[in-house]
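Residue numbering begins at 1 within each chain, and the chains themselves are lettered A, B, C and D in the order written.
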């Protein structure tokens, strides 16, 4: 089974998600600079989610690059990932419009946690199709970053109720950690 | 005539449908957990429709995988299917926002029935282009699941006026039945 | 210069247009059947525009199928077509929400006329790149349907101010005329 | 690393941006011609941004056409460009709805400046992967137009506070200058 449509469909969904998030930045009625001020937290939560979706797209790209074939289980593991990603615009808007209040920040982390787990399940579904000495297996290795991300989310979610800005900073930390694309796969493919 | 653009266009439409449905989950003004409560039925109807669109995408993927070529009639059978699928966000929102009331649940089933019939017509249009001993013909076989789905919808639609939650459960049943992707085609291709 | 991205980009834009039009069908607050009644004209104008965009996509597909290469002029002729197509959701909504009143029906025809002219310019830009005995040239021939459509729009637009329903029927006539995809190209390719 | 998904994802994002901008043209409640009058500035700002996004898509197409391979750095330079492009619908709506007032016009230019710089960084990231005598390097040459655009934006942004229509005219000038697609690349590829 070819992976072409899986890539095309995922590209489509992520491209749309990254774009409709910007609709939450509602065009103000007034023309002055002051009209933009209420949009600042919404802009920051937009920029953060843009980076997260960019990371997912980039890692998904690397992951499928190292993949030779897919099956029905992979299709559904991928749709499961897209389901959680599809909720990002909602939590992004809720967090931005409520100035990073406790519950929205905690829900943001929960959706991010679910997406991270879904991505991990997708790698498992792909590994089940590839030999343990394949490019994919070598490239994924122990998946250090994926595991650390999950731990950070688990810490940040309860933290949101103590200090939601600190929890938000932990999300930024995860994003920064991932910003370097998954060199493991690039390096392994190069060899 | 190549099938590439048919796949790309269908991927695009389904990706957009699956994504704009989430816009019906409107970002609440308040930051508390209570603000999410009214969204619960909308979330469930979103999740159900996400799974249905995922099933259509996955089955469409399998179907076209077994297809060698397409013609103008297939293009239009496919557009006809996409037309009914394009109404899913509307009925999903109507059903969710009205807490699974009778008419919205009945209309949801009607659109699902129309989409199921349109999918069946698409398989007929494809079969007309392929020999009766082709991969496609063998893989589709008697299309048991497709016929059962249509019967369930025909039962569920009138049932919505007696007990709309029971009708809704029948839709969930159809989704569960289809969640396993069409192994027939995978198996036939593997041989 | 390859035609792949021209096709992909056009597929994307048309897929999105066909899908966002459905957002004009706003989810009613009430659950009864009566709540759907005001949506009936909007639904009909949606269905008509869905068919028109389907026709453009299908003909575009056939046209590019017969094309060997593209240049910068073709890119812009194509973007020019997409510009007019992008206004279809707006005029569709305006016509539907105002129950096929004179001005909206006339503007609908004007946008359709502009799109038809833009499609004609695209065929000219493509012909300039291909020999007069190429598949494309033979397939396009005298482009009878394209010319008749333009004449019908020119008649229908002023007619909208006398009887907007009659003008609307002429648009349906154009759609019916085109529903059969461009067999000329399929036949010429088959030879 | 293949460039296919980079192209597909960029096509998707630009196609969606170009299309959701049209949602800012809100369907009027009245059916008369007068109902369209308030939309005229919004229409012009839509048309201008459509042309700009068309230029970016067309130049991106030419740029990637001359590219042999991409790496993680190129992926992120591309996402960075898409981030600024994703803000175009917002500034387009703000400028159109406020009849080309000073601040919206200045912000429009700022986003365009950021996108132009991001495009320049993308060409740098691509050049780092290709030899100085490659098709890409020869084709890009001194990138005269790119540099002139940045200078015009830098002049137009402060000018918006003196005469916003004059600043707007400078944006139109940039668009006209770019409307001819990047012949350098086409010519170099042809050789």
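Convention: contacts are C-beta pairs under 8 Å (C-beta built on N, C-alpha and C of every residue); 3 or more make two chains touch, one makes a residue touch a chain.
Because the structure is a prediction, the values reported are computed rather than measured.
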Chain hops separating chain C from chain B, counting only touching neighbours: 1
Chain A onto chain D, rotation angle from CA fit, given as a multiple of 5 degrees: 90
Homomeric contact chain C-chain D: same or different residue positions, threshold half: different
For chain C paired with chain D, centre-to-centre distance based on mean C-alpha positions, whole Å: 26
Gap in Å, rounded to a whole number, between the CA centres of chain D and chain B: 37
In chain A, residues with contacts to at least two other chains: 8, 12, 16, 20, 23
Chain B-facing residues of chain C, complex: 7-8, 11-12, 14-16, 18-20, 22-23, 25, 27-33, 36, 47, 50, 54, 57-58, 61-62, 64-65, 179-183, 186, 189
Chain B-facing residues of chain A, complex: 1-2, 5-6, 8-9, 12-13, 16-17, 20, 23-24, 71-72, 75-76, 79, 82-83, 86-87, 89-90, 93-94, 97-98, 101-104, 107
